[in-house]
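Look for subunit A in each of the two complexes below; its partner is subunit B in the first and subunit C in the second.
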Partner chain A sequence: MATKTEETRKTGGRIEGGFDAIVIGASTDGLAAAAMLGKAGFKTVLLGAGGAALDEGRREFAPGFFALDGDLVMGALDPQLVEALDLYRHGLELASRRLETVYFFDDGGALLMEGDLYRTRESVAAMSPRDADAYADFVETALDAARALRPLFETGPAPALAEALSSESERFLSASSEDIVDSLFEDAHLRALLEAEAALRSAARPSEAFSFAALLRRWAGEAAGLQAASAYPAGGAPGLRRALRRAAQAANVDFRPSVGVARVLVEWDGAAGVQTDDGGQIRAPIVVNALSARQAFLDLVGPEHINIEFQAALAAPAPRIASARVNFALTGAPGDERTRANLSRRLFFAPSREGLRGAYAAARRGDVASPLVMEALIPSVFDPALAPKNGLVVSAWAHPVPFKAEKDDALAERIGEAARETLEKIAPGAAARIAAVDVRLPADEAAASGAPAEVFAARSSVLDQWARARRFAGASGIEGYYFCGPEAEIGRESGGGAGRRAAAAAMQHAKMRARS
Partner chain B sequence: MIFPADDLCPDDPRPTALYAAAAGAASANSWTSVNGWSVARVYTSLDEEYEAAQNAAGVVDAGPVVRYSVSGAGAAAFLARATTTPVAGLEPGESARGLMLDEDGMVVDIVETTRLGESLYLLSASRPHARRLQLAARGLDAIVDDITSRIAALALIGPEARDVASAAGLDASSDHLAAQGRVRGVETSVRPIHFGALSGVEIIFPHEEALTLWERIRRARAPQPVGLAALEIFRIEGGAPRPGADFVPADEAREKDERRSPAEIGLDHLAPTNSAWFNGRRALKTQARPARALVALSIDAESAAPGAAVFARKGPAGRLTSAAFSPRLKRIVAFADLAVAALGGPLEVALGGGDSRAAARVIETPESRLAAAFRAGAAPRP
Partner chain C sequence: MKTRAPYELAVIGADAAGLAAAACAARAGARVALVGAPAPARPKGATSPSVPDFVWRRLDLQDSGLQLQPVEAYVSLFEDGKSLATYASSSKTRAALEREGVGDFRLWTDFQLALTALWKEGGEMARRASINGARANAHPLLTALSAPSGERLAQKLAATTAGLLDDFFTSEELKVHLANIALSPFGLGGDETGSALAVASLSDAAGWRSRARRRAPSLEIALEDVAKAAGVEFFSQKILDIRADEKLAKLSLDSGEALKARRVMASSEAAAAAAGLKIAHGLAPLARREGAQADIRLKFSKAPPPPAAGKHAVFFLADSIASISEARDAVLEGRLPERPPISFEFVKDEIIVRAPYCPAVLRTEGESREWTEQDRQALGRQIVARLAPYLNGAVRNIRRIEVSVSPAGAPKGDAGAVAAPPPGHDVVGAAARLALDLVSGD
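Right, the complex of A and B next:
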């Protein structure tokens, strides 16, 4: 649907005014910020530099098989955003509101967990009667702690936390995953499960301090009104972006996907608009940037306008750990009843503690271990158009793998092999039916989106992410400049919260300006 | 001209380029260390040195001042970012003072920038800033090079300083432009300076030629070598605060409230927020009104030590940060870090042990006059 506002319009060396806000980057957060601003009555233009490629939706990786890029499951979609934009009215649909998870273990064991964490006691009792009560208590405390820590995960100030932190939630925040599970549970499966959940897409090893906080971050999120649940939106992550796009269109946001930004104009310590690639200018007192921090500050604003200390904070140590997105094309229908029942569930492989430690050690030295932590979903069950008849698309995150900024086919091949072996643990016999394996590494994502590959590496510790997110939110003091790029979000998913917060801060700023 | 504070714990100080000459002249044999360099505190006698520089000319070993050469197409942009110096307005040969601020607009150092050529600058600082400058140069086409140990630097101060320089064959004709020249084959850069209330010239030349030039100046007019102790008196009389003594540089502060803003050390005229952007300007613009003020005092006493308590009518108001006896004023001149609320009323300074106190009053200095003029101009018209 090409509306009038989506026409390709170039500024062609002209100076264009009349806008209240400019949003750069059509990522989830960029769309969220634009829609929020538009809805609040700000005349907003969304420039599609970067992120546009991610919006294409599905990608054919083998004849007849399509992959959906972006997050697999939704567990941290910002509830305030959904409500403010009325996203369900704009086409957000949940294909599965509450995904059940089946955990698979190294020794061949498996455990089915309810989608509602509060109701998982029975599942655990079946496996380890002695841990069932401890687990139920733990879940309740952890969910409370996660809720109390929400301000932190939304990059709130540290002092506001002091009262929220009971001694227990403080321990959950600072301790390592290994310490937490060792102190609570006897069952090796339960330990492996929690360690692997906390480790997925995190660069912090389970023995590192603050590593457990990654799981708390996830459990602080909500899906379909239930804390710590996982949902699957119709159309996957692109489905969410489509709903945001429609909400933005309804709010009269001017879309210009083909206009690239050469520079953010900073005049008298405040953002004044942008200079476009073709030499024109679009002027507005508010600029929201949803690109990566390096692009937003170093490339577009430039060192001559940002503080030295702020620039130093932009340089993070080179990442070493990444997660690989692996898509399998499977042919033939699964044989047994049990596997068929699992098709619409979240499938999770949790290696043993030794296996997980070994995998991190291997990834840090540039090697790929097997098996890996794997979170898999079968999107073609929810959307049959993604695979041919009698075929399946299995999409998975495999973690941890080494981070490489450049494309490396040999590495991708090794990861594909390890992922195939891990999939075999989840669905014995599946490996024989694999027609194609598609491995997406940070370098591929970077090439598709134009953002630096580091952005797609595994996330560092929650504390580190919080410190950086807070710093970048300050935008080095440039008035009217707001940042909601990937570094503004804490945790592994992008749920639009950063975009909403940036828009809220911009509106607040506009209000103050109007008053003075 | 700036001159750094001496180190609290000198650890095997290095000899400056002029050390051999200075050691020959230093019959008092009283030494200290500044930025790790050996510097004479007193050469012959404090009174003699003060007298000579006040009425004739004195020569100072300026080796401990940290020097960076900044070159490249982005040199001006780099300096405009890292310091508050108005670099854009500098003609070749001109110098300007400025501050180095951190991102919160707090003072890191007091610096001077001299434009030596089209895109070549000399940055003089009172302490080393290798890391800060290296970070500031990222993304800009500027090469920053610490040349402190590769050059010799001396300063001639006093009313006859320029005559001494001319007598030695140096080009000190301009009162605001630096001049490059050769004296007996030695490449020199001569620039006019102000030290406190005194004017003078600073001469920078290659390290290897240090003694040649010193000797040449000595033979021309034999100016009195002036040590750190006499310089300290001129500095306080001139109203120039010293990082590390009168305020804690923001880079070294252990607590946030130890740091001082430009207004709090009386140098807000060096960081005007209405011209070009510099590091920390945005924070400076939104800073609250200063609660502290660094002021110059004259104290009716013969001795007072840094750290002594200053009392206002209502009670303690602050402390002395540096103090020296001024032979000209026949009183102690001192810097004091005071609560703004205490200014305007009578002040007393605690002396030694016991309860004895001496009356003190805030004095005007060349620097405080500049600041006052700036504030009068910057204040919104009624």
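Right, the complex of A and C next:
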């Protein structure tokens, strides 16, 4: 979708100046950074496709059935970004502001939760009164703790955390999910629900230290003004990116998707621009990088400009765990009333503790267990054009599965099978109506976006993510160089916050320079 | 029912750590109850935990006749016939690595310094958090994360054993050896978040195991005498129930007695698990040793020949760091690992084996079940098969195999959680410190 500002011209070996800022990579965060900078009056150029293939929007995975790649359920849509760019005016639309969640369990039980977690008490009243009350109290404590920890999750400085939190909450930050759950509840459903929610898209097993914090991170997010809500932006992540793109265009950002970056120019310990892969240069005192940390610091800047300690922080261990995106094409109308009512909800399968432990152990040895943790949404209910009449598209995250950097069809097949079995637990009878299964693994995302597969693996523990994100955000030692790649975001989804923060830091820097 | 005035501290678990903790608190002037059946006597000549200097001084252990000697060497044996030893003395280890041609010896001193620094920071934080678990006041982790370079500490706390060892060494044997001696007391995997602290804890001088000298009393006997002399009151009954409010905990024992205490602590996580109690941890990446430890005694008709390193060493077997992680995964799944990491030592005509990677509850075909005699026998046979290649045919002289699996009681009471010392290799020192912190009242 080339537009007026989206030219395909190349530098052709020339040196080009006159820009205030360069953003590398058109991911959600890259677009957010470019739009923020442009809006603040910086003459900004956005280089590289960086996921433009994903922006095509829908992808036909079976005749007449379309999938939307990237996050669908969003709980951490950066509210400051939405407001600053006025994204609703640029086409952002929430097809559902707060999805209700139906949890399904191993024993066939199910539990409907309000979209507003502050109304948990009503949601769980049907269960044992003792646990229901304890659960509602816990949710309120955890939501308060999550809010207090927000500065931490946004990778900013977090002074006075100790004052902001109760003693119970500190345990939430450091303990394992299993420990927290064991100390609070006896009800098997609540235990399974919390362990699975914390585990979804996390590489940390529920028995590992700091694993529970993943849930706090999610609950610290905000969508449509409600903490810990799950929203569905129309068109999913591509829909969000389209709105960001429009906001950037409105802010006169110069888009150059076909320009590849060979190097970031570093002069006198400061960013001076980029060298393009056709030998030209584009110069600007601010460079924001939205590619992966390895690309941003090792490939484009080079180890010679980075101190040893920082290089060590870049060396993350090879991931072992991933989540699979599985799209199902379903034919025929849903059978019963209950299933029909569930179509516009977030559907979540939470295995038992033993099941979840087994699934992690299997994934770690390269196997796929069944059932898996599953978060499913039916986007074709919100956008009927995604499926033929009398058909449905179910899009799910299935977790945990083995991480493979290379494409592996046999693995995808096994995951598809396990996902199909898990879907059957959510909607009995659905498996018989599946016309096609589309499994998307990190290797597929990598091929589509050009980023290394590792950045699409499951996230490590929150503490580890925080430590890395903080260091990447501040400590490269190169003046005017800002990072908002996937490692700058803590948690399982990209809501644009990292891009907004990188742009804010760059503007602050420019202000200081202008003053001196 | 008799009722007594409340104790200032009740220590649960009559192992060496519990005895030392109770004795230290009593010597500091507190009224202390020690609850729990005495640990089964270990054969004379077997290794025990060490005693750190501050406990030694507080309890005047020199007067008890106790004479502890650090175990000479920790030796890893490998399938290809190689072996690798480390010693209580760091300089001796460095020299031995150099002699054996392990190129990594040059980094040994740096490595030790890094461990000491990490344990000072991480271990101290765990200790403060552990008191907080009992008291609920300050927030050591949050305070640290709020500090200007909190991310450096966070990265260290979240580091894995494999990652830490990779930073320093290239020798696979050395890495496997260190990972095994560091991790096995906790039953953790080498790629587990926070497990680097297990290696850091090796820098505790008292984390190295010891043996009582011949003709001197064993550690437990010496500590029991000191505790009794200091006025610790012993209750060897089981705990039926524990209830607590802000000020006072009430423990009901199966003898019908009840005792009240202002503070309650477990001597270790294992002791709490055996008593069916939950533990309060402010911060403990090493905590929660899911699973059990099996102790296997192999009795021979004539003393088996120890491998070349000699009979005074403690021996370790593990194939790789990945195999340690696999063993941990197996435990979480409720099954026995295929090639579990183990350690063993020679005591007269016996070999005593520790298998720290055992599930507390076994799972077969989706059902959980307790350990049976068959399971224990199967484990015994597996261990014998695992040892056989290193024993020069002596396995045929085995005349008895005794397997015991550390018990896990069902959680009881509504006391919330009891305090427990932060996990580390120096179990006696950690328990004693916690007891002193709890009775000192600040």
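Keep in mind that, in the parts below, the second predicted complex is superposed on the first by the 507 of 516 C-alpha atoms of A that agree within 3 Å, B and C clash if a C-alpha of one lies under 4 Å from a C-alpha of the other, contacts with A are read in each partner's own complex, and residues count from 1 in each chain.
Note that a contact is a pair of C-beta atoms (placed from the backbone, for glycine too) under 8 Å apart; a residue touches a chain by one contact, two chains touch by 3 or more.
Remember, predicted model here, so these are calculated numbers, not experimental data.
Colleague: According to the stated criteria, A:S258 is in contact with first (subunit B), second (subunit C), both, or neither; which is it?
Modeller: So A:S258 meets neither subunit B nor subunit C here.
Colleague: Name the contact category of A:T331: first (subunit B only), second (subunit C only), both, or neither.
Modeller: Neither partner.
Colleague: So in the superposed three-chain picture, is A:G302 touching just subunit B, just subunit C, both, or none of them (first/second/both/neither)?
Modeller: A:G302: touches subunit B, not subunit C.
Colleague: For A:A312, using the defined touch cut-off, is the partner it touches subunit B, subunit C, both, or neither? Pick first, second, both or neither.
Modeller: both
Colleague: Could you say whether A:S344 touches subunit B, subunit C, both of them, or neither, answering first, second, both or neither?
Modeller: neither
Colleague: So, A:Q80: does it touch subunit B (first), subunit C (second), both, or neither?
Modeller: neither
Colleague: In the superposed model, which partner reaches more residues of subunit A, subunit B or subunit C?
Modeller: Residues of subunit A touched, subunit B against subunit C: more for C.
Colleague: Where on subunit A do subunit B and subunit C both make contact?
Modeller: Shared contact residues on subunit A: 312.
Colleague: With touch defined as at the start, can you tell me which subunit A residues reach subunit B in the complex?
Modeller: The touching residues are 269, 298, 302-305, 307-312, 476-479.
Colleague: If we count contacts the way the header does, which residues on subunit C are in touch with subunit A in the complex?
Modeller: 129, 132, 136-139, 141-143, 145-146, 148, 150-152, 154-155, 157-158, 160, 162-163, 167, 191-194, 278, 281-288, 290, 325-326, 329-330, 332-334, 363, 366, 368, 411, 416-417
Colleague: Using the touch definition from the top, list the residues of subunit B that touch subunit A in their complex.
Modeller: 77, 80-82, 102-103, 132, 135-136, 138-140, 277, 279-283, 285
Colleague: What part of subunit A is in contact with subunit C in the complex they form?
Modeller: Touching subunit C from subunit A are residues 152, 157-162, 165, 167, 170-171, 173-176, 178-179, 182-183, 204-205, 207-211, 312-313, 317, 320, 354, 357-358, 360-361, 364-365, 460-461, 463-464, 466-468, 470-471.
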